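One chain, chain A, appears in both complexes that follow, with chain B as partner in the first and chain C in the second.
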Partner chain A sequence: MPTEELITTLLQDKFGVPSPDIAPDRTFDQLGIDSLIIVELALVLRKQLGVPLEDDELYPELTVQQAADLLDDKVAA
Partner chain B sequence: MTTAGRPPDIAITGIGLLTPAGQGVEQNWEQILAGRPAASRDPALAGQPIDFSCRVPDFDPDRELGRQLAWRSDRFVQLAVVAARDAVDDAKLDRTSWNGSRVGVVLGNSLGGAATLELQHRTLLTEGPAEVSPLTVPMTMVNMVAGAVSIDCRATGPSMVIGTACASGANAIGAAMELLRTGRCDVVLAGGVESALTPACMNALHRMGALSTRRDDPAAASRPFDVDRDGFVAAEGAGVLVLERAEDATARGAFRYAHLAGFGAASDSHHITAPDPLGRGMEQALRTALADAGTDPGEVAYVNAHGTSTPLNDSAEAAVLGRVLGEGTCVSSTKGVTGHTLAAAGAIEAAYTALAVAYGQVPPTANLTRLDPRVTLDVVAGAARSQPVPVAVSTSLGFGGHNAALVLKAAA
Partner chain C sequence: MTPASVLRGIGSHLPARAVSNDELARQLDTSDEWIRSRTGIGQRFVVEPGECTSDLAVHAGRAALRHAGLFQVDAVVLATSTPDFSCPATAPAVAARLGLAGAAAFDVGAVCTGFVYALAVAHGLIAGSVARSVLVIGADCFSTITDPADRTTRAIFGDGAGAVVLTAGEQDEPGALLGFELGSDGSREELIQVPGGGSRQRCGALAADASPYFAMQGKAVFMQAVLGMAKSSQAVLDQLGWRPEQVDHLVAHQANLRILSATAEQLGLPPERLVCNIARVGNTVAASVPLALHDAERAGRIRPGERVLLTAFGGGLTWGAAALRWPELPLSPSDSPA
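And then the complex of A and B:
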């Protein structure tokens, strides 16, 4: 599954963000993912992708696309 | 405003219940009057020494609250938020448009998000510190249930949690009465919640000797005042009442289930878990509540007793009720149906007491087949009894020696 799709699926299914709200250019903050919840998101993504990811590497101002790119870079590395 | 120097009566205008007897007034009252026990084998406790409990049936947090709120809330918060919403709807108030600055929230709770804490502790041990959820503390703290309800209901008056173990729900209602009597709030959502049926909590209660060990017949395990009782059945649940000054409720044409006329609280100062064998704290709480209500003991038509089904509680409590209210007083314990919902019990039972007052029906004590010969009260068993209940009492006792009593009267 492409990383952007994985993030979108997680946002919908685990975090309950309404799917019409989610788009690649939306920031996590705009989707109601605050600084506390994004640590939870990072925790899940780290497990699912098997990549090292520090708690502060994802932050609410990132867009979904930016987060996907960051994670893809880590997977490629 | 007071009448003849007495504080104003407080009306119960809404009831929200999520208990082992179901969701809402109708489901609960049907099962309570039928005396149908809720206890059953609990798959989450499979393999544990005590593998049965009373859970809230068919509760789907995603459906009730939406995924966004449900996933980040421990079950004790989920139950309370839904019960609070139901109570407000039942009172025909609108939480989206009311003056929230005049609305308070006072809830009882003891064990907080025990399930979340146990899960995260397991995660720490098996996966390491980096895997511990950052939401652990906000999902676990006891106060968070009042915070969550205040957020959900847009209530910006005082919000707090009161922890007096199994008296928490009753103490919360007592504190709410004061907020209304003193005019600090116009509406208070008052109640209690508990959801801690985890292996660690259950084994801890079992190791204390508090739980019934009737593994072969869970439905018969909670048997208050019965000579063969051997402990309580642990339960989960939430009960929230909408409270308003009676004159305000009358002015807006609200239905009033009953009036809260008196409250009393007292402490045993005796032992961390065992009740005072003479019930002195309970007696003081009960006499204080009756005096607060301006009620003569002889006027009490029904007592919804704490009646946990433990050998110690039921005999000590029965002695106090007989001494203060008179031998032969009409009493029942609805814990035969619900089991013991711990911090929620006082609130859920205040709701049942209000229903008894409103509808003139006294619930039976489920599973009571042979009354403890030391109990000299008229303990209702078998079938519900139809009779006027102009004045009723609900009692609560908690570990730590906390005692609380509420006096309810029919809405005039």
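And then the complex of A and C:
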């Protein structure tokens, strides 16, 4: 599954963000995600993708696509 | 044969005064909804003026000794970060008040990991034949070190104490502590800290006006706590050859309901295996694990023979895990407010 789709699915199914709101160019802040949810998301992504991810690498101003690109770079590394 | 350390009794104590989220919201810029959604906490208990850590520890220790049917132990190990004094340790006074004349007594400082560390230390005393019986207490009153104007720490922390009695026994006896994993990372000491009041300030390495209040970097701690508890728990599972789904009860440090859920998920444990009492008592630091364990025991939730995994994460940074199969014990009496 493309990483952007994985993030979208997690935001919908696990963190209750309404599906119509989510788009690749929307930031976490715009989606109403608080800083603790970003950390919870990072923990799940670390585990599912098997990559290291520090608590400050995902932050409210990142878009969904930017987060996906960051994770894809880590997977490729 | 090296003696095992076997759980024989458990007790706990909470101060009488409960502080609800609504009461906090009248004093600080916060709300019940904000506190519950971010932490899962609905209330916490706080000490009254004149009440301090030794008082809580004595009540919990007495309850555990009664449950174990013991009047004397060889050692008292007290996990706390809010000792009555910076010197001497609080454990000797607790031992004296419990009538445990002559017992070895000392404090263990590992903040929220304190109780798990104290269990490991007690196990070492028994395994090394230094003691045949140990009273292990986790007690803290963080209401005495949090800034009254800090809406975050005031909401999170509550006061309390929990205790267990361990005595020498056989490795295959139900109640024997079966495995331990402890760790630390002192390079992150600033994440969970009371900056002022210690020798670092008094020697001039810290400003004279360094804060005397407890402070925590919540976001950074969240991830470290989940990873630390999951990693140390997995290490204990690997030691014992237990699969995650075989764990009947995960008693994790009650830092935050979302940390508990994330830890269970990292381990691959169904969420219903989590023991949670954070809504009722908040984060009680070193008392957190024994308080949660005692609440589960009193509710009749833990059956003899069931696999119990304990884990915690705290300032230092420190982390740890331990495991046991629950012994057959008479149900302990209730000592604390509901």
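As a working rule, the second predicted complex is superposed on the first by the 77 of 77 C-alpha atoms of A that agree within 3 Å, B and C clash if a C-alpha of one lies under 4 Å from a C-alpha of the other, contacts with A are read in each partner's own complex, and residues count from 1 in each chain.
By our rule, a residue touches a chain if its C-beta (ideal position, glycine included) is under 8 Å from a C-beta of that chain, and two chains touch if they have at least 3 such contacts.
If you're wondering where the values come from, they're calculated on a predicted model, not measured in any experiment.
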*Consider chain A as the common anchor and indicate whether chain B and chain C clash or fit when overlaid.*
clash
*Taking the superposition as given, does A:D21 touch the first partner, chain B, the second, chain C, both, or neither?*
neither
*asked:* Quick one: is A:D56 in contact with chain B, with chain C, with both, or with neither? Answer first, second, both or neither.
replied: second
_Partner chain in contact with A:D73 - chain B first, chain C second, else both or neither_ = neither
*asked:* Just to be sure I read the superposition right, which of the two partners does A:E40 touch: chain B = first, chain C = second, or both, or neither?
replied: both
*Have a look at where A:G32 lands relative to chain B and chain C in the superposition and call it first, second, both or neither.*
first
*Of the stretches 127-135, 217-225 or 379-387, which one of chain B hits chain C?*
127-135
*Common interface residues of chain A with chain B and chain C?*
36, 39-40, 43, 47, 55
_Residue numbers on chain A that touch chain C, as the complex places them_ = 34-36, 39-40, 42-44, 47, 54-56
*Using the touch rule from the top, collect the residues of chain C that touch chain A in their complex.*
38, 218-220, 222-224, 226-227, 258, 262, 265-266
*Can you name the residues of chain A that touch chain B in the complex?*
13-17, 32, 36-37, 39-40, 43, 47, 55
*State the interface residues of chain B toward chain A in the complex, per the touch definition above.*
62, 66-72, 130-131, 133-135, 138
